[in-house]
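Remarks on the structure that follows.
Chains: A, B and C, in written order; residue numbering restarts at 1 for each.
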Amino acid sequence: MKYLDEFNDPELAKRLLDDIHATVKQPWAIMEVCGGQTHSIIRHGIDQLIPDQVEMIHGPGCPVCVTPLELIDKALEIASRPEVIFCSFGDMLRVPGSGRDLFRVKSEGGDIRVVYSPLDALKLARENPDREVVFFGIGFETTAPPNAMAVFQAKRLGVPNFSMLVSHVRVPPAIDAIMQSPACRVQAFLAAGHVCSVMGTQEYPPLVERYSVPIVVTGFEPLDILEGIRHTVHQLERGESYLDNAYARAVPPEGNLAARKLLSEVFTVTDRGWRGIGVIPDSGWRLSETYRDFDAEYRFQVGDIHTDESAVCRSGEVLQGLIKPHECAAFGTQCTPRNPLGATMVSSEGACAAYYLYRRLNTPSTSQREVASIG
Amino acid sequence: MAEAVDAQPLDFEGWACPVPLRDSPTIVMGHGGGGQMSAELIEHLFVPAFGSSPGGLADSAVVELGGARIAFSTDTFVVRPLFFPGGSIGHLAVNGTINDLAMSGATPAHLSCGFVLEEGTELGIVGRVASDMGAAARAAGVTIVTGDTKVVDSGHGDQVYVNTAGLGLVPSGVDIRPDRARPGDVVIVSGAIGVHGIAIMSVREGLGFGSEITSDTAALHPLVAAMLAVTPDLHALRDPTRGGLATSLNEIATASGVGVRLVEKAIPVPAEVGNACSMLGLDPLYVANEGKLVAFVPREHSDAVLAAMRAHPLGGGAAIIGECVEDHPSMVVVTTTFGGTRVVDTPLGEQLPRIC
Amino acid sequence: MCLAVPGKVLDIWERDQTRMAKVDFGGVEKDVCLEFVPDIEVGEYTIVHVGFALQRLDEKSAMETLALFRELGELDKEFGDAWAQAARDNGREVPE
C-alpha cells in the first residue's frame, strides 16, 4: 500500500535505530499515549530494538481499556433488550462488564452486530424501522468525527430509531492527569498522530509549558514510531522541551477544521470517568443538547446499574505507567486474555494483553537486531 | 499420543483447569472460532464424555480396522455467505473433509454428507450447493456414497448447514501426526495465506478487490501424494482453516512439545490480503485458509519436498517459513521484519476487525 | 485508537447529499465518506478511519520525510558522527 510500505522499510528502520543508539547517553522514560502505537511497538518488537535505557511506558490510549465500567454495564443492559440491535466496533465485544461481556449477551439472545463504520449502524436503522438500533460510540478524538457524522445524519435524514451510547475521551486532559500523579515517571510523550490529524496540535504547547516535557506528534508505522522516538531522545539529551511534529504528512497544525466544526455542534465536553484511573475533568465528550434525542442513555433510561469491578485488578496503575503488567499479582494466573479481570487484558493493545501475548518469551534485546535467515 | 481416560460423568467441581468452562455457562461464538475456547470445549466437555480417542486430536483420526489403517474425519460447514468469490459451502464441504484425510497422508476415497435445511430455503440454493459438491467430488476423484437430509423450522437454521465425513486408506510407512514434529524440522507452507478468510470478509464488509481475491478452496491430496513420493516420513501436516496458520502451528507445537520459530518476511501474504488486513485491523496469521497446508518436514528432506511442492499446481507458492527449535517448547515465536521477536499465540475465539 | 490507513481516491459522488468516494488501498477498494475532506480530488491520497477520510495525505511531506531517513545513514558514512550531528541540528527539528 503506497505511503504504508515505504514506512515499513527495514533498511531505513536500521538507520533510525542507529541514530537513536548514537544519541542516547542516559535513561529516559517515554510514554506513547495511543493504543495503536502500543500495538505497533509490541508487534514489530520496537521496544526490543531501541536502547535498553529508553523505556516505553504504555499509556491509557486504548478507548477499550478506559471506557468506564458503568458504561459497559449500560451497554450490556441495552443490548439485552429484545427490540434492540446493538452495533459495536469489534474491539468492545470481549470487554468485561460486571460479570458479563457482549459475547455472553449475544449467546443469551441479544442481537449484537460488529460494524466497520458507524454509518453501517445508521444503515441498519434505516433498513429495520421496527427495531431500535443503538451504536456504541467509543474512541478518542479520531473516532469522534465519524461518530458525530452518524448522529448528524440520523437527525438530518430523520431516522428516529437510531441512537448512540457515547463514551468519547480526549487525550490532552489525560496527559494532564498522568503528569499530576505523584508517582509519575514520564519524561516525554509521543502524541497520537491521528488524534492530531483531527484536532491539530495547539492543545499541546500548554502541556509542554506546564510540565517541561517534550511532546512529539508521532504516526503508527514502524518508521513513524522510530522517528517519533528519535526526535524525542534528541530533545531529552539536549535538555529541551517543545512540541514537535514527526507526522507532518498527516497532521497540519490546524487539524481538520470541518471535523472540529461538526464536533463542536454534536458533542459537548464533559467530565469522564476513566476505568482504572478515575474521573478526569473535561476529559470526555457527550452528545450536545441539540442531539439529546439520539442519546441512548436518555432514550433507554438505564438507571441503577450496580457495578462490580474486580478487587484484584490493577489496570489503572498499568494505564498510568506506574507498574508493568507482570508486576501485578494476578497477571498470567487469575488474569489472562482468556479470563480477563480488567480491560487492559482484553484489548489487543491493552498493555497487559500485549505483554501476555507477545512478551512471554524473554529474549535479550541486542541479539534481535539482525534479521534472522533460514537456511 | 493422548493418554487413555475413562469416560466420567460431567463434574464441574472436579476440573483442575484454572479457567474451566464454568465461567461461561452458555455456548458463545468463541467456542466455534477454532482457537483456545474451541479446544477447551473439546478437552473439558467432549473428551471426558466420549473418552479419549487413540488418534489424539488431529484433523482426522487414523484407526485400524480389519488390518487396514483408515483415516476417518468429519466436518460441519456453517459458512456465511453460502456463495462467495471462488466457491461455495459445497466446495468447502467436500474439499475440507478430503483435506482433513489428506493431512494424515491418506488417499481420500468416500464421503458421506448430511444436510440440515431450513424450511423456506429456495430449492435453487440447495441445488447449487449439491451441484458444487458433486463437481468437487468428481474433480477430486472421491465418491459421495451416503447421506442424510433433515429440515428444521424456518428461523431455526441458516438456510443450509452441511456435514461431511470421509474415509481413506493410509499407506504403510506413513505416520503423520501432530505430535511428531522435532527440533530441526523445517516448516513449509504450500502457498499464500489469508486468502479464503479475506474473500469471505470481502462480501461481509463490502470490500472490492481490483484483482479478485477468490477463495483458495482446493482438494490437497494430490499435493500430499507428491510430497510423500519424496519421502513417506513427513512428520506433521495441517490445513490451517479456522484460526489461521497461527492456530495450526500452535497445535502442533504444543502436541509435539517443540518450539516453532518463524521468519515474518518469509511468510507469503498477497498484497491485497495484507492491505485488507491493515484496513480491518486483522493479522493474516489468524485469517482462515482453505486450499493450503503447512508441513513439518525432517530437515534432510526439506529441499526436495519444497521442490516437489513448487513443481505441483497446488504448491506453486510454497515457501519455507520457519523451523522447529528446542527453545521455548510449545510456543510459536516470530522474528519480525525489523529483527524483533513476538510470541504468536492461539487466538481465543474468532478474530474480529478492530478500530484501535 | 486510531487504526487509519492511506488510500487513493478513485471516484467521487453524492449519496443522500453526502460526499462519498471509492478509495483504493493497494488493490482493495472501499466506499469512504468524504464529508471531512470536501475539497480532495481524484488521484489524491487520504487517511481513512472507520470508513471516513480524515485528512489529506501531504505527498510532498511524505517524500521529504523518507528522503531525510535515507540521508541519515549517508551522512554518517561520509562525515562521521560530529558532522552528522551538526547536519541534523540544522536540518531536522522544527519547533511548532
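Structure notes:
In the analysis below, a residue touches a chain if its C-beta (ideal position, glycine included) is under 8 Å from a C-beta of that chain, and two chains touch if they have at least 3 such contacts.
If you're wondering where the values come from, they're calculated on a predicted model, not measured in any experiment.
Taken as a contact graph, with one node per protein chain and an edge wherever two chains touch, the assembly is complete, since every chain touches every other chain.
By number of C-beta pairs in contact, A-C leads when A-C and B-C are compared. The most centrally placed chain, judged by C-alpha centroids, is A. With each centre defined as the average position of its C-alpha atoms, the distance from subunit A to subunit B rounds to 34 Å. Chain centres here are Cα averages; for subunit A and subunit C they lie 21 Å apart. As a whole-number value, the distance joining the C-alpha centres of subunit B and subunit C reads 39 Å.
For subunit B, the set of residues that touch two or more other chains comprises 205, 271, 274-275, 278, 281, 354-356. Those residues of subunit C in touch with two or more other chains are numbered 1-3, 5, 25-26, 49-50. Within subunit A, the positions touching two or more other chains are listed as 1, 4, 35-36, 62-63, 89, 116, 139, 143. Per the touch definition, subunit A reaches subunit C in the complex via residues 1-7, 9, 12, 14-16, 18-19, 22, 34-36, 61-63, 89, 116-120, 139-140, 142-143, 145-146, 149, 153, 157, 192-195, 197-198, 201, 205, 220, 223, 227, 231, 234-235, 242-245, 248-253, 256, 258-259, 262. Subunit B meets subunit A in the complex at residues 18-19, 23-24, 26-30, 36-37, 186, 205, 261, 263, 265-266, 271, 274-275, 278, 280-281, 320-323, 328, 331, 333, 335-343, 345, 348-349, 352-356. Residue ranges on subunit B touching subunit C, taken from their complex, read 205-211, 271-272, 274-276, 278-279, 281, 354-356. Residues 1-3, 5, 22, 24-31, 48-50 of subunit C are the ones that touch subunit B when the two sit in their complex. Per the touch definition, subunit C reaches subunit A in the complex via residues 1-8, 16, 18, 25-26, 33, 35-38, 45, 47, 49-52, 54-55, 57-59, 61-62, 65-66, 69-70, 72-73, 76, 81, 88, 92-96.
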